[in-house]
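Next up is a structure, given as structure tokens.
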Amino acid sequence: MIEGNAQGVNELADELKDTVTLTSLEKMIEAMGELLSPIVSPIANAARSNSVWPLTFGTSCCAIEMMSVGMSKFDISRFGSEVFRATPRQADMIITAGTITRKMAPALITLYEQMPEPKYVIAMGACTVTGGMFNDSYSVVQGVDRIIPVDIYLPGCPPRPEGILDALLKLQQKIRTESYAERKNKKYRQNAVRYVDYDTGRPLEDLIDEARYETALALDPLKGLQEKA
Amino acid sequence: MSETPAAKPPEEPKGLGLCGQFLKDHGIATTRLPDSCGVETIEIDGAHLEAAMKLLRGSSEIKLDYLVAISGVDSADTFDSVYQLWSYTNNNELIIKVRVKKTDVVEGQLPLVPSLARFWSAANWHERETYDLVGIRYYGHPYLRRILNVWDWDGHPLRRDYKQLVDALNDKASGSMR
Amino acid sequence: MATDTEVDLTPRLKTDEMLINMGPQHPATHGVLRLILTLDGEIVRHTEPILGHLHRAQEWQGQNRTWFQYQALIDRVDYLSGMFTSWAMARAAEVVDGCEVPERAEYLRVMVSEMNRITSHLLWLGTYLIDLGAMFGFPFYPFREREKLLELFEEIAGQRMMFNYIRIGGVMRNPKDAWLSKLKRFTEEFPDRVDEYEAIVTQNPIFLKRTKGVGILRKELGMDYGITGPSIRASGVNLDLRRTKPYSVYPKLKFDVPLNDRDGDTFDRYIFRIREMRESNEIIKQCLDMLPQGEISGKKQIAGLRVKAGEGFAAVESPRGTLGCYIISNGSDRAYRIKWRNPSFCNLSILPELLKNHPIADVMAIFGSIDVILPDVDR
Amino acid sequence: MLALSLVTRAKDSLYQICRGLKTVAMHTFREPITQVYPDKMPDTNIRGRLALAVNPETSEHLCISCRQCERVCPDKCIEITAHKSPETNKLELIEFKIDHGLCMFCGLCAEVCPTSCIINTNDFEMSEYSREALVYDLRKLTLSQEESRYYFDRKEIPLPKPKPAKAAPAAAGAAKPAAAGKPEEAKSESEAKVADAKAADAKDAKEVKQADEPEKQTAAPEEKEETENKEGSDKSKD
Amino acid sequence: MRNGAEILKLGTLTLVWWCIIFGAVWAACYIVGILIPMALTSYESDAARMTAETCRALTPILSVLVFIPINAMFMVLFERRGLAIFTVRLGPNRVGPDGYLQTAADAVKLLFKEDITPRGADAFMFTLAPIVFFAPSIFGAMPLLAAVTNYHELFQIANLPTGIFFILAASSVPVVGIVMGGWASNNKYSLVGGLRSAAQAISYEIPLVLSLVTVCLMAGTLDVVQIAKQQSGGILNWNIFGGGALRGLDQAISLKFSSSAPALQELSKSSFEQVLKSVYLEPTAQALGLGAGQEGLAGIIAAFAVVLLIGSIWIAYGLYMTGACAEINRIPFDLPEAESELVSGYNTEYSGIKFAIFFLAEFTNLFIVASIAAVMFFGGGDCPVPAWLGTALGGPQIASVINQALTPLIEIKLVDPPTLFATIWVILKVYSIVFFAVLIRGTLPRFRIDQLMDFGWKRLIPLSLIVFVLVVYAREFVNVHVGT
């Protein structure tokens, strides 16, 4: 599951990273270096800040408020962010709406890594900022910034939809002022290991657990009784 | 409150209740426990559980046809598996407890209770959950594996002696007040 | 010409089975359910739900928080109907403790709970239509009415979703007259809005095709799996705790419990929820008329709130079914064991049965129709 | 026959679709219900950001460092540092920290506060760029006099009692005007402690129930106060 | 009208964007097609002549290339604002003045996003797919250009005698792109989406083509320019009203109107009847071989045939729109990218600029099917006001006033009034259809794949065949466009 073994973690993380080629204009800008970046960056940043497409990612209560903010009364579309994309490949921002548990953490990391750069994270709600009211639960990740880098922390349980708009505005402010190089140099601490094999469909855990169960049964004194039943 | 609250402290039950009598008629011995808030509560031996459940569910007079919940309780000296049964047809209620003494549990193994999942589908996930959280092994369950926690979780969190794992995901963070 | 329900979905050509891993992040799984579907072409042969992606240890929290603290927390068990989770625990604690609840508090509880039932069903309606593909227009309308109710909740409880309003022994706050009149105005205009939804959805031929005859839940099967709530009532089991095991002031109120006379399909489950919303509206109206004066709490709301020793199980009829709470108290300021009997958990267990031999597109139609809330499943 | 039924069905379907389309299209002529948030702030009473109120009339700080809120908080997001002042022998507040990233805005602290000091404001714009910025200290938490007046008015909290007339001679530290209300408050604080510890006995006389009923409090034994104060100063070392 | 302000805002936005689109396209065409050749005429060399000719020949392509991205941007904005109006909210209104630049920001952002090729994907096919998806919408739009610009000389080069055939052929290519994208992504959702798309496109191509063939049958030609020309002269001449079946009525009424002087009443009355007789009765009688005394019967049959024809064409239009919605994957036929089932369908793995191309092509396709409908059913660039009514309302005077006002522009060939009016009418018609598509998107849920197939094969295809046969017979009794 989750281990502290940093070496193994990094190796596995590298292995499972699924981005292989970069062909975007961003790459070109990088190649041209300092020359073009100051001209293009402001335009790109202005465009980015005004079209932050969130990923449809919601785990619990905050997801409902995230839904509400897209609805008529609060209408996130005014800021151009109503395009909730279901696939991380087309999203710019992930609002971690709701508690992230240890079981969910690998999925969240996968999603985050699947998103194309530049990507932003809003940690929404007490659960994802610090763990909140579940801060001593055995199964809850105490703050989503332990597994992915967070740009905006939005407290509340759940935050009001206006709070989300406020966070979005602050994020837009941040996007407008940051530079590409800054963003690129940002590294984050990777604490969790994926244990689910998302590629082959049948999860690893099933197979291993079944095997374990079988062994356990073999040792079980009541196996005969069970077979009779 | 429309129903009478059990304000008085639970006194010792007088005799067998409706269901207890019914089971006795069919040759299954039960022990009556103090009523929990006006609902008949019986204790039954694990070996007879399946037979008793089949009787209670099938007979027309009792017909407890809803298995509402199965709870595992880590009591002081026993592991309890508590079955909440309701009847849709005649509004009966019954609580059945199967108790496994902690002293009977082999060191390093889980307490054993027979599974109902083979003939009562509702029991399937409840038993898995109880196995996961309280650590009661329901033998005869078709697919007894952890349902809520990850597959290689250590320990059973709702046990009284459960020690929480501390790692990079829940240690004391510098920024947090905890 | 064969009707659409009789379309033979068995493939003539035998092909390899494909595993599709739906979730835990998928737009249609309402959060974080993970379904491992074994597909034969587009037909689902086997489903394995994997839960626990939102397991937040609510029961464990119950043992480690005082009663007073835990009351504030349990709205999160089923966040769409927080009033009901509060109420279930409050009832269980009251049954164990034996304290009286003032009548005004009971009426207020019924009122806010029925409001909450409406918000829950409205949200379900919106998301269900999103599941069925009408994601750009219709879902906005139920949310509009939901927001009106949430405004009222905010006024009386201080939060839009995590109310912390129903307490052990009573309720938290007395509503003002302005609040009551606002609510009254809402109840008067709400039936028109429901008519509007029905005009768009109920007779829509595409909607009918997607829902009629899909995911038929047999009565016996449902009872075997312990299904409760509108899902089982749509299949003809008259299990509504407000009627069968009446609690609170429900016996004094007049309302219908809609009941089906055949095995319900997805469409029935939809129409039953619509009807339930109308009934809830009626209940609120009656409560507004009958609301007595008096105290609102029979137990002092203090930090050291205690419940007498004992054990008990109490349930309320939540929008999703029987929401029960099994409490073992040893007389201290925190519970010895709290076990939740969540309707979503039990209702979800039937999903593999219902999905069998349906095309993959029906996974959403069926899964949406049983109205599952993931924290209610995972706790 | 079959053709006729098909035509009828097609006609019905078309009609129903058109009915739906009409209903949607007619929404064109309804007023948008959108609240233009950054331009227009919502006007509701919510359990928002936590803050420490001052007395709206005298602008003295209401906190008496009784630690009720710290103890009742389910998230343990409140941290109070207080020490016993050597001159007055009363508790003095040094630091008050609330981690808003941890807070779940349940309002329990405001409920149990005996002096209506800690309140939920209507503010919800708390998002920050860093985790540390969410931990609010005493300076950031304390409201101005006007704000306090606004919230006392808005939330319909009864105003704190004016300081008793004979408090002035009792207080040794009369040189410090801000602490003038302390004796009275210290008493209620000790009552709160007792009430909390013995809540199960439910002795009504010693109970501090609601934040809006501070006037019901009665005097508490003096020796209790001493012990509680010691405990408080012990805690403040942590 | 409690929502007057919002509707007005949407109207202003539409006008402004149309001005931008037209300004851009107009300027591009003018510079490349007219200004540069004009400047080159002074040089009398082969090279100069060659260059001028090349420039002229490239104008249609250039106009499409300029038009498509800007137009798609506007359409996305239009849809978002339109949906916002249906759902009682405001829609994007922050970027630029009142949100005019929202989609421009989106486009720039997508341009600068990281472009990911997933591990295990076929990189070549993965890159090719959006191109294959997008390219047909460029060259497929080409033959329509001449039809919608009132056969302007610059765009004549793009016309084909078998224009509609070419357009249909081009419009069935994008599905190859979808299947390629779905397969190359190495993602099960993508694959299912791509295969669904293939099945759907094949099924719905047939009713779509058959309904257009019905129109071609009435027109007697495959040339879109011819079809557009035939329908000129007001709403009664359009194919949606029987493709000239009402032309006789039109002529008759125009005679009545044109000779409203009291002295000529008698004459006009006789000519009214004569016209009706010559247009309706005689062909019917001729077709049925009826004698002189059976005018009554012939009249009834002629009336019946006209009604039948118009009814059939309406059904054909319905079929066309249904098929077109399915072709371009819009709700209720958006199964290939069904969001609640297949995450995002065939474009699940696409990001950045490739996704932008998919997005662009989707909306361009919507525009193209709407403009096909406008040309084939709604008279192309024809003014809906019938000629006689226009005359009565003073149409010619207005036209001459406008002509006079534009004289300086006309002299430098910047403006060609017929082309201008034609394009304005086409755009109005196309956006009406687009608006309807938005309304449908806001209302209907999605089909299921097997129901979709059923609906296509068991309902639409038989129905389109029936319509086809009905039109074949009905046009025998009515004088439709053929022969004018």
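Should a chain be cited, it is by its letter among A, B, C, D and E, assigned in written order, with residues numbered from 1 in that chain.
Criterion: contacts are C-beta pairs under 8 Å (C-beta built on N, C-alpha and C of every residue); 3 or more make two chains touch, one makes a residue touch a chain.
The structure displayed is predicted, hence computed values, not measured ones.
Chemist: Any chance you could name the chains that touch subunit C and subunit E both?
Modeler: Output, common partners of subunit C and subunit E: A, D.
Chemist: From subunit A, which chain is the farthest off, judged by mean CA positions?
Modeler: Of all the other chains, the one whose centre lies farthest from subunit A is E.
Chemist: If I average the CA coordinates per chain, which chain comes out farthest from subunit D?
Modeler: For subunit D, the chain whose C-alpha mean is farthest off is E.
Chemist: Taking the mean of the C-alpha atoms as each chain's centre, how many Å separate subunit B from subunit C?
Modeler: Their C-alpha centroids are separated by 24 Å.
Chemist: Roughly how many whole angstrom separate the Cα centroids of subunit A and subunit B?
Modeler: Once rounded, the distance between the two centres reads 38 Å.
Chemist: Roughly how far is subunit A from subunit E, going centre to centre by Cα mean, in whole Å?
Modeler: The mean C-alpha positions of subunit A and subunit E differ by 43 Å.
Chemist: At what distance in angstrom does the C-alpha mean of subunit D lie from that of subunit C?
Modeler: 31
Chemist: Check each residue of subunit B and list the ones that touch at least two other chains.
Modeler: Residues 146, 148-150, 157, 173, 176, 178 of subunit B each touch two or more of the other chains.
Chemist: Where in subunit A do residues touch at least two different other chains?
Modeler: Correct list: 71-73, 75, 78, 86, 103, 130-131, 133, 135-136, 138-140, 143, 157, 160, 206.
Chemist: Can you list every residue of subunit E that touches 2 or more other chains, as numbers and ranges?
Modeler: 84, 86-90, 339, 343, 442-444
Chemist: In their complex, what parts of subunit D are in touch with subunit A?
Modeler: Contacts found on subunit D: 32-38, 42, 46, 48, 74-76, 99-106, 124-131, 133-134.
Chemist: Can you check the complex and tell me which residues of subunit C touch subunit A?
Modeler: 19-21, 24-27, 31-32, 36, 48, 50, 52-57, 60-61, 64, 73, 76, 79-80, 123, 127, 139-140, 143-144, 146-147, 150, 160-162, 374-375
Chemist: In the complex formed with subunit E, which residues of subunit D make contact?
Modeler: Result: residues 10, 17, 20-21, 24-25, 27-34, 36 of subunit D touch subunit E.
Chemist: Okay, in this complex, where on subunit A does subunit C touch?
Modeler: Touch residues, subunit A against subunit C: 56-61, 63-65, 67-68, 71-73, 86, 98-99, 101, 103-104, 107-108, 111, 127, 133-134, 136-140, 157-158, 160, 198, 200-203, 206.
Chemist: Across the complex, what residues on subunit E touch subunit D?
Modeler: Answer in residue numbers: 1-3, 6-7, 84-90, 439-440, 442-444, 459.
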